[in-house]
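Multiple structures are listed underneath, in structure tokens.
Consider the two complexes below, in which chain A is the common component and chain B and chain C are the respective partners.
For the complex of A and B:
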């Protein structure tokens, strides 16, 4: 049941935070923080238990060592719906990320005055629903969390956003809802076509023999949902808007968490459920991904809004993730997993920094910014760190991930490897554009006078430490990701033979 | 804890790294003296460690490969390691010595900067030094690439050190982007090698390349060559280096003369066994090397700015190293690396001191009167210049260049052509080096120094501080006497005894002297000096080439000199070929043309809008609603119809009643 607590604690935390102020003023943030910290403790407990006892005792057959924890109980037996939660190293990493970013965003919005209780609730619910996505292996429950995840994000953009926030929130909702339909249809099909009654148990479905043709169509449904969330061009149009209009904490959770759910889905389910379909569609994924990484980088080169620029770099980096997953070899999938983690750190930190600048001067237009290096050295130094992370400097986790993806691409096809290398070169163009316009130069119209406060610096240092730690000592991360990568690669390889 | 070899080697770059961390990250104020001490510790301790390590290595006790820690990626075990072999020891000692000298020099040179900027400067210089040492001592390709890339990053920050100058920011960005292209080549090569050898250890990787098939060997060697050429500013990747002179002089002295730009040459020295398996790439390296050497020398001859002159000479000298590597003599290249590092950093530092604070900046005219204004620095400059020119026997530069020429001559038929090119380049080198030296002897002129009375911002004494003079004197001594080290270095690296023909030696000795003659001619032959004056006037005013026949009597010479002064206008070519199309494309993608911004992302949105307009908008009146409403209207009509029955007249009702009864009766009657 501890697995369930990882989802339920943040969920009920959010619910209590919503009403906490009615009883005692200004307690909402404490409730949110405590619930997320408790969720984190539960996660640590589960992980430690799993690692120490060598995985779940009631493991899935044949994969005893892989799952750190497993929980299975009935929900609606007549519909074949059960609560099936499982955690391996890969989910574990993402869960740590999700709860960690949740805590970080609560700290960042500590002094929020506008509808603070609802904001705290939205933060907690974002974490809770994405935790659900990372844990659920009953496909209907997975789809349930998948759709639910949009609600708090929608609220964050629509209520605390900037500019055309309502329109943006609706755009976000329309894109992701339409894409979610594909997932839902495929899940219903899978659930209802079993021989032994209705079941949505992913492990049971994985054992089924589905014809490659059907698999391809089902995978297309799944992939649509995941690729819109990822997002990969041409399905990315919601992201730059969402990032630009969302408040800082919203951007952080979008980049750090919501995009990762798309990558998680692509990483986990195609190879597990539809290996034949994967073999058919992976080449198209590679083409989309390689197009996306160049396209996102090129569009980023021309942006004037700093947040929008970072949003397009996210498109480019997540396209690399797609390439890594579709490569289907050990190196590239491991690389994709590491890029996911690295991007969560670096993009969140950049959004945080840009948000801090926006709080001070009220603009994110890089043509008006400048002179951070003279006025705000702590800003400049941390900016430099994440600037080098975003252009994949060795020593950062971003480089490790991209280098592994490129290695895998060399095993698949040198053309894709070359495209990824070209995107590395273009990344310098946009990264220097952002960096030198904001950090170098004389102060232009918008002068940042106040350096980072310690409450901003703390989260940034945590993110920076993560970037460098996983870049320099990635062994732990790799060990955690390895079982999931192996399972995926084995699934794909079994088809190829 | 015992001092394990791994720890000792790890310490070498760690000192510089630690200095960077303290200077860059310590959140509280440091005093100027403290900054100096930390920076010098970071720059000096690696030298103190490297010196005994190199001595041990020379005595036959090299540390070899020392693993630091291992990583597991699936089935591959990635062992991160440092190593100290003769090549690493030689280059590592050179780098740490030059680094220390430049940091000592910077103390006086950067005296006028604010404390915050000073900290940033020394922090970045130390980080750079750490990166370079890491690369030199790397025992595996990951650590190698880490150092290689980190240098690129530091060079961006250091070239753009003056963050309020658009020129230096642009130059930094240009350098970073262009060297990044080279990095991509190198990364591709290293990853391919890793996939082949299933190891990142250089001592496994490089021997394993013997089992590669021929195509793959050529591809990897070509990628390595591309990487080396980009980092080493070889034609056609060279344009970033002259621009990079926008950085402060100590930066140029460390990065853009002796260490970073020479890293490309070091890369090929490291991978020399692999390169030798790809003869085609070798020849390409040699040809491109000699072409670059000639190009750099020709362009240097007509430069109007002392730093740009030195930049082009770096391009040219590294071209010599590439040539040497191409003809299969990495040892000679390494010896030239060392000599070049000494004299080129010396030249930068001396020129920097001479021109420091001058109104004209680093323009050649700032060199005027150096002999009287700054005798110590000028003497040092002369020593460096002579070594660069390669004055026979008495300078270090001659010995290493001679070793290269000997190797080139032994390279068969192509070698003869290459040799001729190299000798002509040596002649030009003599010319431009002595041109720079001669300008220092000329008196200061009112025309060249508009504010001659106010030459210096701060009254600099004729003899600089000890911080300036000590490194200058040490390096000057090295530039002269280090020639005795050339043969030992080559032996140390395992080269065989060179067999130079007497003819080749005589020619090689004569070439620089002829070059000095050429420089004298440029000054004293009126036709040429007149032309040079025109070149100077035009190049300082506009970036436009005068038309044929314009620009005085010797128009053809002026046009040629201008063309060379602008580095054969590669910048303009690249602007047209790469920069403008890129910018145009990016602008198009962002909605400056006819297409909407982010066209690819827009089409799903457009599709949704189309769907809305064509399908849902026509349904907006809601046909079902209409249907129901129409049904309602029908009911009303029906009601109106029914109402007409109710006339209110008795006869109508009676008639209807009678009809009804009749009907009923008929019904009853008809029922059986």
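For the complex of A and C:
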């Protein structure tokens, strides 16, 4: 049941936060914070228990030691739906990320005055639903959380966003929900075509013999949802707007969490459920990914809005993740996993920094900014760190991830490896441009006078420490990801032979 | 008449009693009392139908049948009638409203139990005529227009229906719904089936016979529109399920139903795209939702009956809540009137937001389960074309529901009137929202209820 608590604590925390102010003013943020911290404690407890007892393999054959925790109970037996939650190291890492980013965003919006109760609820629900995505192995429940995740993010953009927030929120929701229809149709198909009644149990479905032709179609349905969320061109059109118009905390959760759910889905399910379909579609994924990484990086170079620039770097980095996954070898998949984590740190931090600048001077146009290093040394120093992370400087986790993906790509095809390398070169261009314009030079129109406050600096330092820690001492992270990577690679290799 | 027959007819009897008593009270007694007495009828009918859900089915010769579909149909119709009674806003002198609403409920109940051409026609006409009377009660131009369209188009529909039955009668000499089976594939029967389909499509507001729906939704009092949108459709769906069980002349029936179903999904959703009026948007979306039910039934999936009934049951709370909010705002609420509703009137705003989520079929609302049934039935029948159209339709639908959704949360500085809700309305809104959310998270009760009705 502790696994369920990781989802339910933030969910009910959000619900209570929504009404907390009616009873006692300004308690909403405390409720949100406490519920997320409790969720984190539950997660730590589950992880520790799993590691110490050697994991719980009950109910899943042939995968002893991989699963740290497992929970199975009925939800809607009349429809064949059960609550099947399972956590391995990979989901564990993402859950830590999700709850951690949740706590961080609550702290960042501590002084929010406008409709704060609903904001706290939306933050908690985003975390709760993403946790559901990372844990659910009943495909209908997975699809349920997958679609539900869009609603709090939609509210965040629509209510607290900038500029054309309403249109952007609708665009975000429509892109993702339409793509979600592919996932839904595939899940319903899988559920209703079993031999022994209706079941959505991913482990049972993985053991089924589905013809490669059908697998390819089903995978296309799954992949559509995942690639729009990721996002990889040409499915990325919602992202630059959503990132730009969303409030800072919204951008952080979008980049740090929601994009990761897309990557998680691609990482987890194609190799597990549709290995034959994966073999058919992976080459196309590689092509899309290599196009996306170059395209994202090039478009990022041309942006003047700092937030939009970072949004396009997300496209580039997540395309690298797609390439790593579609490469299907151990190196590239491990690299993809690490890029996911690293990008969550670096993109969140960059959005936080740009948001802080915007709060002070009311512009994100890099032609108007400048002179940070003179007036605001903390800004400048932290910017330098994440600037090096986004261009994958050695020592950061981003470097490690991209290096592993490139290494893996050499095993697949040197063309893709060289494309990834080229995109690394372009990333130097956009990162340097951003850094040089914002940090160095004379103060242009908009002068930042006030440095980072401690409430902003704290989260930044945590993100920075993560980037450096996993860049320098990646062993723990790699051990955590290893079982999931092995399982995926084995699934793919079994077909190739 | 045996006691068993009496038990089978009990829902119709209590509805009839409630109509008579409330009508007698109407001229003198307090309006609240009239409404209360009227409400007892649907309440009791619903209770009886639900309690008898699992009982063995019973023919009530020769016009009616009391089986699971009938009982579930009666229960859903009566529940809708009850809910609509609560927010039926009488235009001033009208105490006739509540008895008429119960009369419409009686029509729906008769239709759900019908197994003969005469009772089908009787049920449909009772619904149409009482809806018509309730529609003209406000005596505004819009309501008169809506009533005329309903009257004239409804009459054409009824004529088509009668002619269809007559042609089949000419071939088989039998007017029961089962007569279609074994009637061969003669020209007469096929023409009859096509005409019957057209007649039913009028009542089910399927393209191209749907034109009255948006007008009725915007011209009639919201409670009347909600009844027309939910209860009469449930009753007609039961008739369609019964007809599907007797092999109808093919390919006229299934192909025809699938074709007008697909057309309804596409046209309904497309016409709803740019509607600034909440009720007209709901009108076109109702056309689309009828289309979903029609394609479920046309696909011939073994799951069809269950899926269609569940779909309508899951559609009901969303539509009723949306119309209840419309009734509270008054007039025909436009997008601008809804601006920032959730901040002005949190309960109404949240209820409408949940209703829109449910109509759009997003999860944690019962509408998601409806979508689940829709897709699963079409997959089961391997009806890929229908599935593709349904997917396109629900993708289109998202847009207009979300436009309204986002408007509810818009920041707004112009002072606007705060909608007036009576306590009963508020309770209804809370109940509908509670059902949407609770059944969205735990659908077991509704699924089991629907399955009890299956043979």
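Assume the second predicted complex is superposed on the first by the 495 of 497 C-alpha atoms of A that agree within 3 Å, B and C clash if a C-alpha of one lies under 4 Å from a C-alpha of the other, contacts with A are read in each partner's own complex, and residues count from 1 in each chain.
Just so we're on the same page, a contact is a pair of C-beta atoms (placed from the backbone, for glycine too) under 8 Å apart; a residue touches a chain by one contact, two chains touch by 3 or more.
Please read all numbers here as calculations on a predicted model, not as lab measurements.
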Chain C versus chain B on the shared chain A, clash or fit after superposition = clash
Chain B versus chain C as contact partner of A:76, first or second or both or neither = second
Task = Applying the touch criterion given at the start, work out whether A:191 contacts chain B, chain C, both or neither, answering first, second, both or neither.
result = second
Key: First, second, both or neither for A:174, with chain B first and chain C second   = both
Ask   = Does the superposition put A:123 against chain B (first), chain C (second), both, or neither?
value = neither
Request  = With the two complexes superposed on chain A, say which partner A:107 touches: chain B (first), chain C (second), both, or neither.
outcome  = neither
Ask   = Of the partners chain B and chain C, which touch A:320 in the superposed model: first, second, both, neither?
value = neither
Request  = Compare chain B and chain C by how many residues of chain A each one touches, and report the one with more.
outcome  = B
Ask   = In the superposed arrangement, does A:388 touch chain B (first), chain C (second), both or neither?
value = first
Request  = Based on the superposed arrangement, let me know which partner A:151 touches: chain B (first), chain C (second), both, or neither?
outcome  = second
Inquiry  = Which partner chains sit in contact with A:417 here, chain B, chain C, both or neither? Use first/second/both/neither.
reply    = first
Query = Hey, what residues of chain A end up touching chain B and chain C alike?
reply = 174
Key: Partner chain C, residues of chain A touching it in the complex   = 75-79, 115, 140, 143-145, 147-148, 150-151, 154-155, 158-159, 166, 169-170, 173-174, 177-178, 181, 184-185, 188-189, 191-193
Remark   = The answer for chain A against chain B in the complex is residues 171, 174-175, 233-237, 240, 295, 298-299, 301-303, 330-331, 334, 373-374, 377-378, 381, 384, 388, 393-395, 399, 403-404, 406-407, 410-411, 417-418, 421-422, 424-425, 428-429, 432, 436, 439-442, 474-475, 478-479, 482, 485-486
Residue ranges of chain C in contact with chain A within the complex = 343, 357, 362-364, 368-369, 371-372, 375-376, 379-380, 387, 391, 394-395, 398-399, 402-403, 406-407, 409-411, 442-444, 447-448, 451
Inquiry  = Help me check something: in the complex, which residues belonging to chain B touch chain A?
reply    = 24-25, 27, 71-75, 116, 142, 145-146, 149-150, 153, 156-157, 160, 163-164, 166, 169, 172-173, 176-177, 180-181, 183-184, 187-188, 191-192, 194-195, 582, 585-587, 589-590, 598, 600-605, 608
